[in-house]
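What follows is a pair of complexes built around chain A, which joins chain B in one and chain C in the other.
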Partner chain A sequence: MKIITQFSRENKKYLAYLPLLIIPFFPLFLKNYQYGIMLLCFAEIYIIATTGLDVVYGYSGQITFATSAFFGIGAYSSQLLHVNFNLPLIITIPMASLIGCIIAMIFAIPVSKLRFAFLSLSTISFGWVVYQLITRSPGGITGDYNGMFVERIVFFENGPDRITQYFYFGLICVILFVGLKLLLVRSRVGRAFLAIKQNVHAAEGMGINVRKYKVYAFGVYGLYAAFAGTLYGHLVGFISPETVAETQSVLFLIMAMFGGLASNWGPLIGATSILLLNDALSHFEQYQLLAYGILLIAFIVFIPDGVVGLIKRTTSRVNEKSEKVNNAEN
Partner chain B sequence: MFTRLLIAALVAGSIYGLIALGYSLIYRASGIMNLAQGDLMCLGGFLGYTFYSKLGFPFLIALALTIFCCFIVGFILEKIVIRPIFQKSTTTSVIILATVAVSYIIQSLEIIIWGAAPLSMPSFLSLKTVKFMGVIYQTEAILCIGVAFITMLGVHFFMKKTSFGIAMRAAAMDPVAARSCGINVEQTTRMTWAISTAIAGLAGIMVGPLYGVTTTLGTYMSSKGFASAVVGGYGDMYGAILGGGVLASLESFSAGYISSTLKQLIAYLAVLFILFVKPRGLLNAESVKD
Partner chain C sequence: MLKIDELTIRFGNLVAVNHVSLEVPENKIVALIGPNGAGKTTLFNCVSGVYTPNHGEISFNGESIAGKRPYYVHNAGISRTYQIINLFADMSVIDNVIVGMHDVLKSNFFDSLFHTKKHIDEERTGQKKAMDLLKFVNLEEKANHTAGSLPYGEQRRLEIVRALASNPKILLLDEPAAGMNSQEKIVLDAILRETVKRWGLSILLVEHDMDLVMSISDYIYVLSFGNKIAEGTVNEIQHSPEVIEAYLGSD
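Now for the complex of A and B:
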């Protein structure tokens, strides 16, 4: 309830959100450009994963290179459950997401006492372990290095094509998941996360059970990343160990940092921008990686706090200037 | 069988150790993790290939040139990329991301200049194989261990006995106190980076005849080196070398006695185990940032 009253107080800000109403109409504009709709679906998937990463890294300060591992866990689990236990996708997707969540929480228990370099290494190692397990699975059930074909979801037999249907499904998921995250970070739990990020010892001194909240943060992260993974698998129809590779984890980190950590819009802006950037750069072939590296450094030098941070800085400067003008006039 | 596994472990361990040494030195000096270390190693390999195979310099000259070039690269890296970002940025994670960007740039330059196909570096010794305790090895492998050993001795000597080395350690331990003693901390940090990259380049050129020269080796070695550094105790010079040996032994012996397909899995599970049980590493290193 508080959130709703808070929103109505900030009436003017509503207007800024109006352009968003155009989003559900995107498929109409892109009717003949299937690839564009596909990109939007990918954006939705990455937004969800990046949002999860934002919870554990942006809000709780736990750097993790394991995002693609959970992404893969979600994707592979859903398909394996579907194929081996004959469960319908509507069941396997939540199950796979929960598996990701639980694994993340179990992982977080010993990891919660690690800091910084050791934390990074443990998440990198976890990623490697998952990669090894996928590429050398018992009985080859995951298809090992070759990857695996995944059941594609079709919602309605008639009506718009599969990818457009997926876009709307993804849109609902995004609204749901991002909305939940917004509620979470405004709650006590969210404040505990921020306290842990700022200063673990002070947080403990205030009576926050740091270990418990770190486990929660990882749980949310695992849930979101795994869910995003299931969406990916069932959209594309094929998953392989490359999706679990460490380089993908770095990509997620870049998405989160580019958008802006610990912010509402950060993950959305970051995920979409980096996705589009990747797509644009893919035309450069060999120079793609070079351009990527250079852009990354430029980004770090000029906007280290992400796009959202940049917007905050410029708006605060504009506000300051307008206040000065107002004061000068009076 | 045991000796074969042991020698394999020592070879891999010496390479991991050299890279891990670079990681630990940089962590001590700048407080950050340079995730481009493995790619710098590969750069050494590529440069060595150019100097030795392409331009036909005698091996020792090629070696010296490679080390020198890598030294310069590290120097420039610190001066142009790391220090400005360091001064600008608040979070260290952003700086680490910068090192990732550097690794991308190095990889892409390698592909642009040398092509994406793996290159092979011919043996530089007249003796192709050597027989040791009944088993035949590539001479380069044994040489690797020797060179790594000498390098580590060299670094130890440099750090403990020469005044510049001591200055570097002082600056790493406490920059403010070091500055008040008249040590130019900027210079020592730059030198630390230069030395770390030079060591990585040396590792790269030694590894050339053994593993070939490819860009993908970079990321692989980066993770292995990082794991070794942390296992031994992050930031500790000797820990880096010890960690390299431990990790390589885990890999080698599990490949030999358990299963070669599972060797990576076992090694990384062991790393996780060590992290959970003894996060300071085997030699109980103090964290720079905590």
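Now for the complex of A and C:
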């Protein structure tokens, strides 16, 4: 009997994932509403960036306000490589992501010494530096304050429309990048990240080269954020310094925190819901930042462990109750 | 095996450890005792790489380890526990032990990323070894509890096996009996003896509980105000007038 209940519980766990199978069919439902498909593409892009942020902040505990800077590095590098060196996008996108990864690792070498407020300030400064370089680029190659047009990706000339194609491409990327992150955090490296977050002295005392692993975490972060940036640029077809702005970094942090840090589903839930909320608020543009601010404070105070944490807490409470009931029956 | 020679550590004008020399031979339990503020933990922190000594030499199997980073010292074979419990409180008990194996596991970043066969095999043997270690200190039934939820005495035992997970040659134990009741202390006594026997390692122990120290130590060093005031076997220390004076004060 016990085995059967256990088995059905396991099955229930997988049943809960069943609704996810509907995701590939979204474009069919939204056939006459292309803006909706576009929003889904943005959700995919933000999920990838937030997943990277979750590795460095959620798992390794290193706060960073530079996400939009790496996002911008990816978006700008891919297009600049494409225009100036005539490389095809299939090469410039991985190259730009790698550039993001390498810059993040180089940045992390000195910064990995810092903690808390000092670390946040240094990541904010890094964002400023990137912003300045983009707005005052040598020879104006980035279009400075005006921004620049970016080559849009078209996968198949005939077939479904470009945005729908992009949605499926993005979906594959999400599965790949989120999948790799899940593998990474369930490993020796992931355990080292968590150990550093929980107790940096004990981590170092247990033989973990803390600085090396911080550099790794930043590398993953830079790669993910820059890759998401390239996807953004080649989807929208236009990038500007606004893409790199600091408020965007805060937005990524809100996404990560709202979803729930260091969790499987946190980045997916967080990025999607904040994006949709953001879109709903866009009609009241002058109040957008105000709403963000208030929401951020509310999250931090009421659900510091995010939606995933909230769900976990509620289900564990329900389970405890049902266990008590079971025990009483026995 | 571990040799500390003329070690001196100063914090500003305060000399925390003053020209102290000591030695930990193979397969022995060596205790470091002394009143509060004698510099015992400071000396520990120096050996384990938290502090860099101002003067003196620490050599381990002939290699100088003074001023090396803590992870380096650990991976060289000197593992430690902490006076104030320093577990990964939100991790499971078994994961704490597996983090302790960090350096023993050899899979690299890409094995971790792609879960290669090497990674899978290692995880399996790691889990098994961690379970064996938990059995050794009677914690196997709590393997999946979060470490922070354990009672105090169990947390202390978990720290010991976490330190053992890397197959160290020397175990530095900083007040392992602190906060334990007499029953738990008896268990600890047995665990420490068995540890030395089973793994053939040495223990350097800082401890205030004299019953435990006198029961298990092969050799004892006594510190007072940063100076080494005595050394010897249990019998010699118990009858040393300097030690009695340091602990009880002179007339």
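In the analysis below, the second predicted complex is superposed on the first by the 318 of 330 C-alpha atoms of A that agree within 3 Å, B and C clash if a C-alpha of one lies under 4 Å from a C-alpha of the other, contacts with A are read in each partner's own complex, and residues count from 1 in each chain.
Just so it is clear, a contact is a pair of C-beta atoms (placed from the backbone, for glycine too) under 8 Å apart; a residue touches a chain by one contact, two chains touch by 3 or more.
Here the structure is a predicted model, which is why all the values come from computation and not from measurement.
For chain A, the partner that touches more of its residues is B, with chain B and chain C as the two candidates. When the two complexes are overlaid on their common chain A, residue A:Q165 makes contact with neither chain B nor chain C. After overlaying the two complexes on the shared chain, residue contacts for A:N264 are found with neither chain B nor chain C.
By the document's definition of touching, of the two partners only chain B reaches A:L114; chain C does not. Looking at the shared chain after the overlay, A:Q34 reaches neither chain B nor chain C.
Contacts of A:I208 after superposition on the shared chain: chain C is touched, whereas chain B is not.
Comparing the two interfaces of chain A, the one with chain B and the one with chain C have no residue in common.
Of all the residues in chain B, the ones that touch chain A in their complex are 27, 33, 81, 84-85, 88-98, 100-105, 107-109, 111-112, 116, 219, 223, 226-227, 230, 234, 261-262, 264-265, 268-269, 271-272, 275-276, 279, 287, 289-290. Across the interface of their complex, chain A is touched by residues 48, 50, 69-71, 74-75, 79-80, 82, 86-91, 95, 98-100, 102-103, 105, 107, 109, 111-115, 119, 122-123, 162-163, 166 of chain C. Within the complex, the chain A residues that touch chain B are 63, 110-111, 113-118, 120-122, 124-126, 128-129, 132-133, 136, 246-247, 250, 253-254, 257, 286-290, 292-294, 296-297, 300-301, 304. Residues of chain A touching chain C in their complex: 180, 183-184, 186-192, 194-195, 198-199, 201-210, 216.
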